[in-house]
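Presented sequentially are two complexes of chain A, the first with chain B as partner and the second with chain C.
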Partner chain A sequence: MNAPMTPFAKPWIANPDGYRVPYEVFTDQVYYDQEQEHIFRGETWSFVGLDAELPNNGDFKSTAIGDTPVIVTRDQNGQLHVFKNLCMHRGALLVRESRGNAKSFDCVYHQWSFDLTGVLRGVPMRRGVRGEGGMPPAFDMANFGLDALRVEVMNGLIFASFSKTVEPLADYLGEGIVANIQRIFNRPIRIMGDYRQYIHGNWKLYAENVRDPYHGSLLHLFHSTFGLYRATQKGFTYMDPSNRHSLLKATASAAPTSASEDQEVYKDVRSYNTEFHLKDASILVGRPEFDDRASLVINAIFPNLLIQQIANCLAVRQSVTHASNAFEIVWTLFGYADDDEEMQMIRMKQSNLVGPAGLISMEDGEAIEIVQDAVIRDGKKTSVLAMGGVHSGSVDHMITEGPIIGFWENYARYLNLGADLKK
Partner chain B sequence: MSSPSLLSSQSTASRKDKSSAMVPDDFMWQGYSALETQWRVERLLSRYVACIDDDNLEEWPSFFTQDACSYEIITRENVERGLPLTLVFCTSQGMLADRIVSLREANIYPQRWYRHIVSNVLIQAVAEDHLEVQSHYVVLQTRRNGQTSIFSAGKYKDRIVLQADELRFAEKRVVVDTHSIDTLLVSPI
Partner chain C sequence: MSQTITAAHSAAIDALHTAYLAALDKGDMAAWASTFAADNARYFCISAENDHRGLPLALMYDDCRGRIDDRVSFVTKVWVGTYEPYRTRHFIQRLSCEAAGNNQYRLTSGFTIMMSAEGGTTAVLTSGEYRDLIEIQGDGDKFRAVFRERRAVYDADVLPRYIVFPF
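== the complex of A and B ==
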């Protein structure tokens, strides 16, 4: 009689030997629809762009939160706004270009015109034509402004939320994550450009991938093939108090305590090799530019952002969902406005390491797709997350799957999956 | 204070190609007639894509000049925004060779066959020591399941020189229309 209407009948399991997530979360449309409503359009802040992308009044870009199309714009007073990209008349995409500069947003369908603050300013034929037709007296343009999202900008990162009640951005992120944003976005940036990578897989497989500090030395073999990487490099895994976000940080300078320790760590690894050497190692030339000397910072921010610093390669990566089995990663690489020409060249050369053609990162796309392909008919089977002990939270190493567990605990909370998975 | 960008020399106007500019029908270049030059350029491009499609990638760097060369893959989106970011940025034969070793030994990627179709080979400028040539390309990909689709469409902007009796690329700039990369880009274009 009183059976719950939830489609998520099977509770997730956190046993001492592993935290288990059913594969249907990656394939089932029900989850996809629920997460659009409760995560992307729910009590979260989503990244929508960098204010350096919109330097001038009137600049706009179109992007998406989850799969909801949105417009980001800087109005004539310099104020940033985010709107649903949805005409208030009969639902056409208001902005069809990916970027541009405008004085107003004019829908092509019937030319309703909105100013850059979202107010409806013009409706052609409102009074009819030669006394015929026209809008009824009850029609009030003031009631048809664009759907505006809440907007907060932190050190040039623009976030938006559909929620009226979500906590302020700084509280949502927590002090440790805010500190990393301040660390990387410490002065004006210069945008180098974008990559777009279309992946035939579920966006959450990427959320797991960027919260997985231990796959790096196993999946990505560029460094080990050229005898460059050390699994023994020192790092830590930080999570904010809510365990939504994570920060994986490693320092390159930590040498192995001995060559034999390095060999021991790598004895099960496919290709730890000293046979190959780079013919042109200028790709790895860099300059230390942060006081903490970190060589790798991977900062995942729930639900759709990743901030990376890999040597001098700085980027934000935004996930845009298309379907339960398709999403896109929009990479924006940047340097600083005060980079000299040599530094600009260093960043250009290091960009070979990342992105869809990145020598150290291209594998992630393949890793996601082979999971998606394999689990298609095994929705009730589960993965097992156990590395590092079965818990989320900060630890002083990187051999852990804790950040992934933190992601799923929050996912379950947002979708109201019912079980208290920590028990 | 903002220092000059890598692109400072590149004005907005120069982002648009003047593809319609004509070189005369009867030029001579390095002792070759216009017709023979065209034929040699087309043969270079055919050999280049055959090298990639037949998986002789170890030979791929030798299509470029030895001392200094440039190979870039950049999206048309970034070009039209006046932004420098490339998908691949190589400034020496060594960097080209390193990419191939990485592809063979290190990188993990789906097994696919690639097939390049090159056409519209247009010599756009004839200088004493080099040619500027634009051509169009399409790369088809065939997945493990035997299905073929278009992986990438775009154009080559090449600076071609004569070195040791062979035409070689001093610069090859691949401008990709298909800016949404399907999963990943591992093989050269």
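== the complex of A and C ==
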């Protein structure tokens, strides 16, 4: 037998000059496997879809929590269920379509048939053929229902958990995050469609990216060029009491208080250009629709969800892991069922901002891949998270890496990486 | 099928397709934009998944000529230095062509886009279908075909990477 691996021997360090995370967390299969068991299949709630995706009884979609395939379905009584997408007979994928409507789930292999509540209803040749074969008397179909996950729905967002002991969803999210969900999902939505993008990097690099308000105006030059978001803008960074989730919110307008301040802040930025004008500026013409008039809200929910409001562009982004160096983002953009035609058009134009080719999101894919490519053989080297002080927790500005530290503190807790992490 | 297409119009349409592919394969965004009608044109790039579901969301939604020009600026000015350079080769074959009146034709074509990232191998980016509204402009011996609308419906459910250039 091989010597046991000791991947977690190196303590992570939080010094006054920075919180340091070893790059091996992005490359080492051991971390990936531990995450699947202790995060995605552990004491967490994962986002699996919107109930508006499954409007009718019998509707289903297939997705994944981490890399575990699951089925989300609405049964004949309208109840939502989430099951492992795994036949209880010999382990085949039960559902291969992305979405559809069904009366039952029938495995293609030996045609075991499950109803939409997960109960095994049919086993062909159970009593044999012409008196030969058949299942033994001890075989009880009641023992072979689909593996069901816990399900909670909040304002149309469907969450599922493999854990029998995780706290209720509202407690898991905390009041501030629940308030943002209620703010955005305040009435019935209309789904505009999905984007799906493969990223050749580790999923946690994206978890960092969406908890990093300070990259926004530096990486995404569209933001600062056209005034959607500037570092000089007032905002705040909220974290729930557990520091798992974060809410980055830019309030009021992105207009600089003065041109000279703007030039000072961006003097080192590579191609920031206040002189550049759009031929058709209607992409930037939105309509205030929230009482707080926030122009940018990025709400990361541990472990796999992001809820965004960028001007009038509303979306959820779900991370699906494939390997330590590969994950997928599923973006679902939506408006409200009562949007008038003009509002639908505003949202369509602004959809250009996000997605795999989005004006302020294309570069995130690149940022993740260039980290993954660079650290491949430098697992013991570390990043340094220091902007805004070396701490997680809420602050009344957005020039911080605090939410990323909060993510890693929780990551270490879930993977039981040891007390060395505590400052 | 309504009226048949003249050889001259067919040649103009072929020339338009060639100009479009050549522009993108050279990474020449201004040349890409110039294949569209100068006054009123639209470009949409949408997944087959959304198209099939009857959902409007597009990867690129350029609903007016101004936004087509702005996309040129995004790629050549705003995004400069942020994306990994990659080259493409586009291949198409015409699937159908129907006269739509007023010197306009509706065409569908299958497309394949090969992608070569700098320092990498060549791979399929995606395949798909162009659905076009093409107009023949000018008369006599001097006319050219332009896109009033090009809708690129791509096949990949999951795009293999982020996207900079139009399909």
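Quick note on the criterion: the second predicted complex is superposed on the first by the 403 of 423 C-alpha atoms of A that agree within 3 Å, B and C clash if a C-alpha of one lies under 4 Å from a C-alpha of the other, contacts with A are read in each partner's own complex, and residues count from 1 in each chain.
By our rule, a contact is a pair of C-beta atoms (placed from the backbone, for glycine too) under 8 Å apart; a residue touches a chain by one contact, two chains touch by 3 or more.
Note that the structure is a prediction, hence the values are computed from the model and not measured.
With the two structures aligned on chain A, chain B clashes with chain C.
In the superposition on chain A, contact is made by A:340 with chain B only, not with chain C. In the superposition on chain A, A:225 contacts both chain B and chain C. In the overlay built on the shared chain, the residue A:357 is in contact with chain B and with chain C. In the superposition on chain A, A:349 makes contact with both chain B and chain C.
Using the contact criterion defined above for the overlaid structures, shared-chain residue A:195 touches chain B and also reaches chain C. Contact with both chain B and chain C is seen for A:365 once the two complexes are overlaid on the shared chain. Of the two partner chains placed by superposition, A:28 touches none, neither chain B nor chain C.
By the touch criterion defined above, A:147 reaches neither chain B nor chain C.
Of the two partner chains, both chain B and chain C are touched by A:278.
Common to the chain B and chain C contact sets on chain A are residues 98, 191-200, 219, 221-222, 225, 271, 273, 276, 278-280, 282-283, 328, 333, 348-349, 351-352, 355-357, 359, 362-363, 365-366, 369. By the touch criterion given at the top, residues 45, 47, 49-50, 53, 55-67, 69-70, 73-74, 77-84, 157-164 of chain C touch chain A in their complex.
Chain B makes touch with chain A in their complex at residues 1-6, 73-75, 77-78, 81, 83-95, 97-99, 101-102, 105-110, 179-186.
Within the complex, the chain A residues that touch chain C are 98, 191-200, 219, 221-222, 225, 270-271, 273, 276, 278-280, 282-283, 328, 333, 348-349, 351-352, 355-357, 359, 362-366, 369-370. Chain contact summary for the complex, chain A toward chain B: residues 98-99, 188, 190-200, 219, 221-222, 224-226, 271, 273, 276, 278-280, 282-283, 328, 333, 337-341, 344-345, 348-349, 351-352, 355-357, 359, 362-363, 365-367, 369.
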